[in-house]
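Naming follows writing order (A, B, C and D), and every chain is counted from residue 1.
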Amino acid sequence: MIGRMAAAFAAGLMLATPVLAADPPAEIKIGTLYASSGRYASISMPVHSALKLWVEQKNAEGGVYVKAFDKKVPIKLVAYDDQSNTATASTLYNQLITQDKVDLLVADSGSVLTAPAVAIARDHKMFLFDQTGTGASFFSKDNPYIALMADPVSTIWPKPVADFLTHDGPALGIKKIALLYSTNEFTGTQANAVRKFIKESGAPVEIVYDQGVPTETTNYTVIINNIRAKKPDAVIHLGYAPNDIAFLRNVNEVGVKFKWMFSIYAGLETELLEKNVGVKGLQYVYTYVPPSELDYPVNFGMKMPEFRALWNKTFPDGKVEFGFNAVAGYTTALVIEKTLSVATSLDQMELRRAVFSLSGQLKTLDGTFALDETGGQIGELTPLGQLVPNEHGHLKFVAVYPHEVATGKPVYPRP
Amino acid sequence: MSPEPTPILRAEGLVKRFGGFYALGGLTFHVAPGEILGLVGPNGSGKTTAINVISGLYAPDGGSVTFEGRAIGGLSSHRLVHLGINRTFQVPKPFLSLTVRQNIEVALAYGRSAAAPPSMESLLEEYRLADVADRPAQDLNNVQQKTLDLARALATGPRLLLLDELAAGLNPTELDWMAGRIKSLARSGMAIIVVEHLMGFIEQITDRVIVMNAGKEIFEGTLAVAVKVPEVIEVFLGGEHAA
Amino acid sequence: MPSAIRHLLFIVVPLLVVFAILPGVYENHLMLFNFVVFLILAQGVNVIYGFTGYLPFGYVGFFGSGAYGFAMMVMHAHASAPVAVIAAGLAGMLIGLLLTPLLRLSGAYFAIANLASSLAVLHFVANPALEDITRGPYGVSLTATFNPEAAYWAALVVLALTLGVVVYLKNSRFGLALQAVREDPVSAGMAGVNVVRMRVAAWLASALIAGLAGGVYAWYVSVFFPDNVFSGTFSIFAIVFALFGGVATIIGPIVGVLILYGVYNLIGFTTPQYFQLIYGLLIMGLVLFLPAGLVSLVTRRGRHVP
Amino acid sequence: MLVYALVAGLLFGLYFSLVGIGLNLVFGVMRIVNLAHGDFLMLGAFIAVGVSALAALDPLFAVPLAFVVFVLVGLVLYRLLVPRLQGSVNPEMLSIILFFGLSQVIEALTTIAFGTSERSIDSSELGAILAPLRTALFGGDADGPVELFGQSFPASWAISATVSVIAIGLVYVYLYRTRLGTLTRAVMSRRDEAFATGINVDRVSAAAFGIGLGLAAVAGVFAPFMFGSVTPAFGEDATVTSFAVVVLGSLGNPLGTALGGVVYGISYMLVQTYLSSWADLLPYVLLILILLLRPSGLLGRRVRVA
């Protein structure tokens, strides 16, 4: 009896002994979610695949360098499928924190699936690596446990679009603007921003059509006809990829010639849109110039051509689309890698400090990583560009605004 | 014969349409407390429709129904039950997944009978349901389900009882037993309307019959007289009354 | 001992005690919380489907309304969380009241109309025209009331109330009358039961339960979009869990949630790549081979299940 | 603007008649709520994408292929699922859950096989085989828009609407000019009595189920053109819209579905023109209103009130 008690006591002692800080763990655990099915699957899978690709690449090299232990440590990616279901997502985020005890917490893509993580991370004092959840409600001064990795916050993203129309537009003859957007957080916020920028500019341009349509909208024939009736010089369409596909197809099919037309995903997911809309429908469309076209000066991680080559090698079946979301996932991975290489411990507040210390310093294939004080992404801005066919009939990007990054002149009106 | 007591129920020119079809085309009759009235007639003559209108399943499209001097046309079933009217169904409609006891319990609890309702045990006993009291109603045979229908109706303490083809499917011994029960209910002062195809059973229990055809009454009196009226004979065409 | 006391003592109390102790033992509190939420919702479905036969395919409409009722009370009236939870219940009930005409429909028509109405409420709440009231599609963030621990206890209180309702229905003449209405509304009328009033009462009780659940959910998660709290999977899960256990019993929906949501989480933690496939097959198998729920394995042998 | 909205609504609506008609047939004959209807649409779309991508054929060739394949799939599924379902206590309610499970399985398998990206077909490919005919009849550009009432519309819309009209016409011929069709109508109007009169209800139902799925798949062939693109998750929204269309018309009446589709299409386009951000609310509000105000649908006679 006494012997048994002594044994139990000894076991208790052993449990109580703190792990020496210098002892490196066998692996760094990164926890994340993805949606393999449902409404958000098509944006979630490319982001997640990129993260996975990075993990495999690093582990093949023996792991990532972790400053806290001053050596390379392999990564273990703990990933669950939330099936685009937010109740499930919240359980799984909690599982990652409390059961799997991950060292780093990475959100699923998009605002809707990121939303449950914001409060949970804060509650558990875990720093949340927000990949593409741009929701303005996530970022506040009283919540230090979040930072946005890849997309710029929606409130500043469309600035180059509005600036082009107000600065260069009048000279080209653009006076009347039509604004059409899908009524969700992502594109609704961008529409509000565009409207605000245009009104505040005082430029002689006027918004003649300003309508939100439900995000589920997939046919625009009637709306296009209504826009045409207002005779706008420029049409801004802000929607998700399926909205852009349907809108651009309908414009083409109805045979309407808008003189100037902007769409988000023509640039962000060019390959996807080219497959679905065709080259003809995308010609001379204005869009955000994605990092993949700009060849940003990189001071960390793969450059765009290398990344694309690796992607195509890893996912040859084309089931996961290469594009902006894939770059976003890889950018998150790079921020994580760099953070681990500068953080002096794996304490969550130290991770935050490390992430914020990268702001303005880290230059990846996605541009310059820059955060505002609430953790919102204000770097990685995308210039305004135009898709112009080259002599082989392929589309290439011509950046037109801001002027300092411009690679050509805008073609107006759209031929 | 004693002078007729004041009728408890009066139907005057009752009309019920289904689309363009007149299921009741101005039916007029009455029934008194303690009386057993038979409604007879060929299929489709409107007997069951009459019961359905009186028990509140359908609202009448014309005419009037009064119960104890009060107009009741269009009232919902549960209100009529609370006033003292109840019925059984041609195809019994018990609450299948509830036990026999629970079936009766619902009616005892919600029937709000003015008179003191019979007790659960006496109903189970008198209607030969005691042995199956705790079985779900779906386990009962057709005859048991019919008596359960009746027991449930009685649990609400009705003063007017409408019986829709209660006798169909009963064997001769059961018929006699049922006839006895109905007669004793009438003796207690209950007015009873019986819709029936079995003429023998009608003859055995009714004081008076109404012969219906095409939604109207064509004869009123005893069955013995009815079978001698040419119009009635023509309607039945030597049909069911011969049975 | 009257059976109501027995049910409370041997089913309700142990369940509540277990869920009160678990957070101290098991750290994934959100999973426990979701278990509690689904226990509430499955019992809410039980109240309306088990006792009256109306399949609430858009049950999440009440849940989402409750969540937004909570959010609006906190955002506009600066109410404290418990007050806002009560308001959430009333919001669910208000939607229930608006939808009472649906009870005129029967069978699949009711289910479809209810589904449509939940989607209508979603698109209404999420419309940018209502940005000043509901924040439209931009989502709400309720940092002022953020307190997951308190929200968990509130959820247990709501669960206790809900189970109280079900125990009452199981042991009262009111519950018996409801079942009579479900079995045969015409006969129920002939038993003196006011069919319309009964259905409306059960409907509103069920809406209240879902509204309260939505309120505590909003309290716990604190940051959400319309798509989060009006997600159709809440309806589907609640219905499937209740059916799997067996409706019109107290224990059926409880067993259904514990087993099926447990399995769901297990699949999610172990084989996420086939999550949807396995779950879909499970649901199909349930309907084909066990349509009356787990309790039917016992009742088939003639035994009574509370 | 008004004329444009009306004509677009007509084309769009005729297509939605085709989307809904299979669902109508299945529910009308079997009282089965096929919640996987939209998923069969989605599968039809993937067949079209496959035909276009692999064989480089006009997607119109996918129409007979999709129909035949899914009639066969329907017959097999019928044998596997329906007899067991009909044997349960409440097949109508349980069918909702069973087919929800099936829709999950279909979505999961499609995702595993094809991934989650949007897929589509170039609009100019649809009806390419008819191009000479079209230039001969209408003149003009072979892959440009079509002119109707002096306004231009996508050619693919006109083709989809035309095929829809033909398909609905064939369904009409089936129901009113063939023996099996006549029996089908008998089963629709009086299922119980159809059993009693010795109609082989099982055979009639199996045929209706097969044809119902076949029609859904045919509608799916045009989905990439009408909806821009499709993903495996496309089915859910399509199912709810189909219900709105079917209920708007009336059950058991193919002409009713045609009318329901057109009413839906035109009102959708009108709302989109004048109140665009509320367009989503429309199908649900229409569905609820029709169920409550005219429970039998615009052309129906059947009573569906409890």
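Assume contacts are C-beta pairs under 8 Å (C-beta built on N, C-alpha and C of every residue); 3 or more make two chains touch, one makes a residue touch a chain.
Just so we're clear, the structure is a prediction, and the values are computed from it rather than from any experiment.
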{"item": "Partner chains shared by chain A and chain B (touch criterion as defined above)", "value": "C"}
{"item": "If a chain touches chain A and chain C alike, it appears here", "value": "D"}
{"item": "Pair sharing more residue contacts (C-beta pairs) when A-D is set against B-C", "value": "A-D"}
{"item": "Distance-to-centre winner among chains (Cα means, whole assembly as reference)", "value": "C"}
{"item": "Relative to chain D, chain with the most remote C-alpha centre", "value": "B"}
{"item": "Chain A-chain D separation of Cα centroids, rounded to whole Å", "value": "36"}
{"item": "Distance from chain D to chain B - Cα centre to Cα centre, in angstrom", "value": "49"}
{"item": "Centre-of-Cα separation between chain C and chain B, whole angstrom", "value": "43"}
{"item": "Distance between chain centroids, defined by C-alpha means - chain C, chain D (Å)", "value": "33"}
{"item": "In chain B, residues with contacts to at least two other chains", "value": "none"}
{"item": "Per-residue overlap in chain A, given as positions that touch at least 2 other chains", "value": "36-37, 39, 183, 212, 214"}
{"item": "Touching two or more other chains - residues of chain D", "value": "107-108, 111, 277, 280"}
{"item": "Pairs of chains, among all present, that meet the touch criterion", "value": "A-C, A-D, B-C, C-D"}
{"item": "Chain B contact footprint on chain C (complex, rising order)", "value": "173, 176-177, 179-180, 183-184, 186-196, 248"}
{"item": "Residues of chain D that touch chain C when the two form their complex", "value": "27, 31, 33, 81, 84-85, 88-90, 92-98, 100-109, 111-112, 236, 240, 243-244, 247, 277-278, 280-281, 283-285, 287-288, 291-292, 295, 304-306"}
{"item": "Complex contact set, residues of chain C against chain D", "value": "53, 55, 57, 101-113, 115-117, 119-120, 123-124, 127-129, 185, 232, 236, 239-240, 243, 274-277, 279-284, 286-289, 291-292"}
{"item": "Complex interface listing, chain A residues touching chain C", "value": "36-37, 39, 79-81, 83, 85-88, 90-95, 98-99, 111-112, 115-116, 118-120, 122-123, 135-138, 140, 142-143, 183-185, 188-189, 212, 214-215"}
{"item": "Residues of chain A touching chain D in the complex", "value": "36-39, 41-42, 44-45, 84, 183, 211-214, 216-219, 221-223, 225-226, 229, 241-243, 245-247, 249-250, 252-255, 272, 275-278, 317-321"}
